[in-house]
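When the chains are written out, they are named A, B, C, D, E and F in that same order, and each has its own residue count from 1.
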Amino acid sequence: MIGSNDTAEVLVQALPYIRRFSGKTVVVKLGGAALHNANGAGSDLDRAMAQDVLLLKSVGVRVVLVHGGGPQIDDFMRKVGKEPEFRGGLRVTDAETLDIVRMVLVGKINRDLVSAINREEPVGVGVSGEDGGLLTAVQRDPDLGFVGDVTHVRAALLHQLLDDGLTPVVSTVGADAAGQPYNINADDAAMAIAVAMGAEKIVYLTAAPGLLEDVDDPDSLVHRLTSAELRDRIADAGISDGMIPKLRACADAVEGGVGSAHIIDGRVAHAILIELLTDEGIGTMVWKAA
Amino acid sequence: MIGSNDTAEVLVQALPYIRRFSGKTVVVKLGGAALHNANGAGSDLDRAMAQDVLLLKSVGVRVVLVHGGGPQIDDFMRKVGKEPEFRGGLRVTDAETLDIVRMVLVGKINRDLVSAINREEPVGVGVSGEDGGLLTAVQRDPDLGFVGDVTHVRAALLHQLLDDGLTPVVSTVGADAAGQPYNINADDAAMAIAVAMGAEKIVYLTAAPGLLEDVDDPDSLVHRLTSAELRDRIADAGISDGMIPKLRACADAVEGGVGSAHIIDGRVAHAILIELLTDEGIGTMVWKAA
Amino acid sequence: MIGSNDTAEVLVQALPYIRRFSGKTVVVKLGGAALHNANGAGSDLDRAMAQDVLLLKSVGVRVVLVHGGGPQIDDFMRKVGKEPEFRGGLRVTDAETLDIVRMVLVGKINRDLVSAINREEPVGVGVSGEDGGLLTAVQRDPDLGFVGDVTHVRAALLHQLLDDGLTPVVSTVGADAAGQPYNINADDAAMAIAVAMGAEKIVYLTAAPGLLEDVDDPDSLVHRLTSAELRDRIADAGISDGMIPKLRACADAVEGGVGSAHIIDGRVAHAILIELLTDEGIGTMVWKAA
Amino acid sequence: MIGSNDTAEVLVQALPYIRRFSGKTVVVKLGGAALHNANGAGSDLDRAMAQDVLLLKSVGVRVVLVHGGGPQIDDFMRKVGKEPEFRGGLRVTDAETLDIVRMVLVGKINRDLVSAINREEPVGVGVSGEDGGLLTAVQRDPDLGFVGDVTHVRAALLHQLLDDGLTPVVSTVGADAAGQPYNINADDAAMAIAVAMGAEKIVYLTAAPGLLEDVDDPDSLVHRLTSAELRDRIADAGISDGMIPKLRACADAVEGGVGSAHIIDGRVAHAILIELLTDEGIGTMVWKAA
Amino acid sequence: MIGSNDTAEVLVQALPYIRRFSGKTVVVKLGGAALHNANGAGSDLDRAMAQDVLLLKSVGVRVVLVHGGGPQIDDFMRKVGKEPEFRGGLRVTDAETLDIVRMVLVGKINRDLVSAINREEPVGVGVSGEDGGLLTAVQRDPDLGFVGDVTHVRAALLHQLLDDGLTPVVSTVGADAAGQPYNINADDAAMAIAVAMGAEKIVYLTAAPGLLEDVDDPDSLVHRLTSAELRDRIADAGISDGMIPKLRACADAVEGGVGSAHIIDGRVAHAILIELLTDEGIGTMVWKAA
Amino acid sequence: MIGSNDTAEVLVQALPYIRRFSGKTVVVKLGGAALHNANGAGSDLDRAMAQDVLLLKSVGVRVVLVHGGGPQIDDFMRKVGKEPEFRGGLRVTDAETLDIVRMVLVGKINRDLVSAINREEPVGVGVSGEDGGLLTAVQRDPDLGFVGDVTHVRAALLHQLLDDGLTPVVSTVGADAAGQPYNINADDAAMAIAVAMGAEKIVYLTAAPGLLEDVDDPDSLVHRLTSAELRDRIADAGISDGMIPKLRACADAVEGGVGSAHIIDGRVAHAILIELLTDEGIGTMVWKAA
């Protein structure tokens, strides 16, 4: 049992955060790898994640979930006899692949996440970037096919859903003005959404403790750094390839007006609550020096 | 060119309907067969359908689209090497089939319809029956697997989206309280949604002119009948098997409080506008005798 | 019977206009001559006019009627033994004439128009320019007696009546700050009202098809011209004296911010609907080049 | 100069009345005779009357004026060579007479009263019982022609005008459902309006001090009596014929729910203020015993 | 009995003032001396004062009372064996004195005034300058101890109470940011409150008729002067010491934006009503020349 | 440092309570003894109490403080040479004592509590039961003098202050309809306020851990019992005299509709937070069996 001093300390710490975040928007990005590791939408970790989202919602925080799904797309492509192909780390997306991307992201992963939320409380709603013109995109490079970059986010759509008491779960497929869909990188899309919504925070749930001084030493966590310091480190050697786009997105987010960006360990139960409601936090926080 | 007398007549007829329907809800069910015949989401008919929906929306009608997708599910199952199986006209749905149903309905057909709308005006949003607890379902028959019947519709969710200026496109997958998804017949789901929303009208867009006195004579259209008369006819011979569930749903809808139910020909451009805004109409209208 | 293609074409044309004009203000000026020709408030044309106004109202257009009454004033003056007198086309208005003007306009013609509306739906309300300070006027020329020019329109008064679901019918008698009433030209007053209300359109219902290239050829209608082109033509010979003040008022209106001005044939039933809700229109439209 | 004790006494008396009447409706009936005596809309008495109305309005009282005009109609009929004819005290009203009634009431007397108000503050608006279906009427007796009784008052119309900050001046011409206008007794119409509006008070401005015990002794004023007592007196001899309809209307008003009815002397300046804001009052008050 | 002419004159004068002051704020300062003279909260004068406040409130005036209490503090100090000490007319206030000041002002005089109001209508609420940070103060001079000057007034707090239908009675104890309370001069505090609230008027109820030309001649009242003229007179000889701070506060108030400042005789019943609602007034009015 | 598991556990427990209590009213009674023990308004315990109140306020809980002050009144009476006298545990209150009660409660203790709150955030406002008719009282027993029982609580007054973002601190002096003040027992007044406000909870901060099985064993705390069980125990021997009125008030409160009543130890820092936001709590909770 926890002593009354400790209890009081946690509460006295947490309440001002709750007050401060109430009415504010927090975008939480769930990585495809994390989902994959988490072994399906029914796991305890998924349940703790859904609880965190709903507990924050219950005290007035406006949470938006954004998800990717690279590994699951790879699996499904192979199932229908198609080999995934990448250039410069990006998936080459022909028309058939695009259909598979939409089916896996919108028709499978998004469904599983909405189910995880709705098993607790029926407020989760799936939204694709195509819905209501949420994510406007342009083609990045003809050689990559239907891979797009976000040029506009219709943030009001998500705010309306939040105003209606719903929790949006966003699949990152966008479309251009002519209605052509595009596959969009989820880390970038989450950042663009957070900036456009005027979010207080963006949180990347990953399969790592955060940014480490020494990638081999899990105790070498960097708790807090500015976006400028972060950009210096990105240039350093010794950062894993998968982490670099997230770090760039964190720097872009805070420089775009988001209050802070967080990289935390999706493998720790209730990591979101601990990061947001304690002074210490649990992962790496990026902020913009005044 | 149309003469001024004819023009005046159409307008003088249409305006009172527009006034009467403004602020009212109209549920439009698009059959999988119709979609199949229409040869993909880019056809002229799909475009005319999307225009009708948006024109009605522009004068204050609250349109909800509901779609099925049987033929497309069959195709996809065969593509991944699985043979569709039916009992009593209903698809036997095991866990793997359910995943395919969700992927095809939510990840493919719904996407195509949303695209058709959004190519005209970016207000279409896909919604699955699982989202925000829209369609609560119970298992119909263990032998059929994950096939469900609607027990509750959270109509407020659709009304909120309409209030937000959006046009919902609904895939008819539901879930029970424990979060288990179910495949639901789209004709029935559309009827349940119309009843729960207090809709003024439900319109079934089919691949036939409406209810025919003589199924072989397209000029034998029944323009108007009561639900009691309709139930009498359902018992008659000579009605096609595919039409019977729609006719039942029409009778159920008007007896459940919907103002009128319509079966119209989805192969005629702008059939929705003509049915709703002229005295004559274009298909069969079912109403409830006082 | 009109074919479904034609019906669809009229509807597809009309609905965007309805959307665009919904919530907008349209001022309709009814000429004394037109009223005179129409042979009293009970004629079919008056009824079609009242229907047009109410149909537009039913889809959200805010219609204001403004009327004149020169011929009727002449008749009544002669009835009480007084000969009408004009200088430069304007009625010399002594105190006794002013009393007659008020009695004929407010107590007779306005009453008949309100009755025509209210026989369809009891929403017509008569308003004189003196009511609530609607039309502030100054004397034009001492030699003309109580003939005034509008210096201020209290547009809010008409907007309030429209907000209350009523259709104002305006008699063009104004008053100065000291409360002295003045007789005001109805074409000018209608224009001033449209400008002050921020109207989308002003429509002059006349006893001619519109502006004609050749006044003797009714097929030589000018469908569309800019206010600059219109001012050039006013200088031309061959325009009837009665038409010139209307043309000037049209040019003044669009240059004062009204979206467009229309001269249409009040002798054609439902001319207002046809002019406003079809691409082709029925009369002459004046607009301001960008 | 008035002493501070007297001043304080008047103020201490008046403020609770002002508080009590603020937001309440008061209907003031101006008799044609009173208007006639007052010698036109520009007299000092008319000005004091207009000031009383506007002062009450300024402290939140919702004042509606209702006027008659018998003597003025008589004069005008004779002017156009038509002799007034009465049966049982009521004007026989053929179609031509009806047109004259409308022209005199709506086009002349109403205009003069609106001018009297607007010379002080431009908030007066003329309203005829035909406008917006204000007074629905039925024919009283075919022998009387177009003489009507009020069957319905659309009180909301007057309340809307009051809500808009305007002061309605009502001419008592009504219409039946088919749009046929009728001449209506103004004392009765004022009573029907007060009842329908849920008025706090109805005030009849007359050419007498109120109800007198002895019609020849102006000091024999009855200050206060119940509607039951009033009905007893109506049966008595010695009440002038012109007063009887007013007394009946007073009894009908309070029995119909109006808080109190007052008969006061329109020949005393500011009689309305004195009657409403002092304990003593100036005329006769009729109330309903609990 | 007052004649109808006089009654009408008072009412016609008063109503425009009532209209003008409705919704406006009036701060009334009650002097300790006046309270002392008035011989306790149960006197007729206190009752007339409470009635004035409530009558004004009933017609929409937002009245705030501010009180002092010097003589009562002196009395109580002596009762607990402590001799009052003054420097430059200001009370030397050590910690013990401060406690007594709070107990007398907040716990005694404020209570008595609230009781006087609530005996008429239970809307009086006591407020100390410490409540809700109403009066922020800084120490004036270390030699005076806890004597403060107002640096900020949280006017919104009083406006909220007024919006809630309550009548605030303010004791002039303030506090600094660290929560240290200070004794504040009530004349100055009332002025600061009036300025911060954007008051229309401030009224000082004193034991004198107002400002006199000749202090020995009560008929030599100055009815009206500008703040500039007032400042000139303050420099003159022959003004009583007790009056000077009030006169300075009056000049400061109007120069700070208050519409006018009034010094009136608290010994005349209903002096507040007479001063505010008649052309003549009863005391001295200070205004700011344009 | 507290581990992440413990932190998560406290947060996961606390957030649902916060959600449940947000928008609800909690009445906290501070005993005079507790205040006395706490050694003045500047102590650490007072500061922790003020922080608890403000933290709860920050997450939407509507906290009302109610205080007593028996020991402080005794002290002050002796200071001015008057010996406190009690009958049946109640203070005999003559007029002079009543004045002292008001001065000590309203002018001293209330002030100190408001200061304690305002040192953290300037939202505390003192309110006496006399203000705005908050506590209506009747005399309990002529032998006790001005000792009253609450007959009515004007709860709307406190709700208005809470709506305005303020934290009311209530002194328990009431008044009867004639304005006579009465001294009221603070435990009873707090209960009456909680019942009238429809409070979710009432919390008694005392100088004991709660209700003990064995008064000599501080570990024998009763965590939870129903009001029926509580009434049984009150009859038992071994309960301290000072505790009995609080226990009765707890039973009365929950039977009057308050969700639960709590007796907790005011000597433990942040006891309010721990009691309200953890499953275990810290004191004794009384509830009403269904």
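The rule is short, and it goes like this: contacts are C-beta pairs under 8 Å (C-beta built on N, C-alpha and C of every residue); 3 or more make two chains touch, one makes a residue touch a chain.
A quick note: this is a predicted structure, and the numbers were derived from the prediction, not measured.
Counting steps between touching chains, the shortest path from chain C to chain F takes 3. Listed here as common contacts of chain A and chain C: B. For the self-contact between chain D and chain E, the two sides draw on mostly identical residue numbers; the shared fraction is above half. Measuring from the averaged C-alpha position of chain B to that of chain F gives a distance of 61 Å. Taking each chain's centre as the average of its CA atoms, chain A and chain B sit 35 Å apart.
Along chain C, no residue makes contact with two or more other chains. In terms of inter-chain touching, the protein chains here make up one closed cycle, each touching precisely two others. Touching chain B in their complex are the following residues of chain C: 1-2, 4, 6-12, 14-16, 18-19, 22, 51, 55-56, 58-60, 268-270, 273-274, 277-278, 280, 282. Within the complex formed with chain A, the residues of chain B that make contact are 79-80, 99, 102-108, 110-111, 114-115, 118-119, 122-128, 130-133, 154, 157, 160-161, 164, 166, 175, 178-179, 181.
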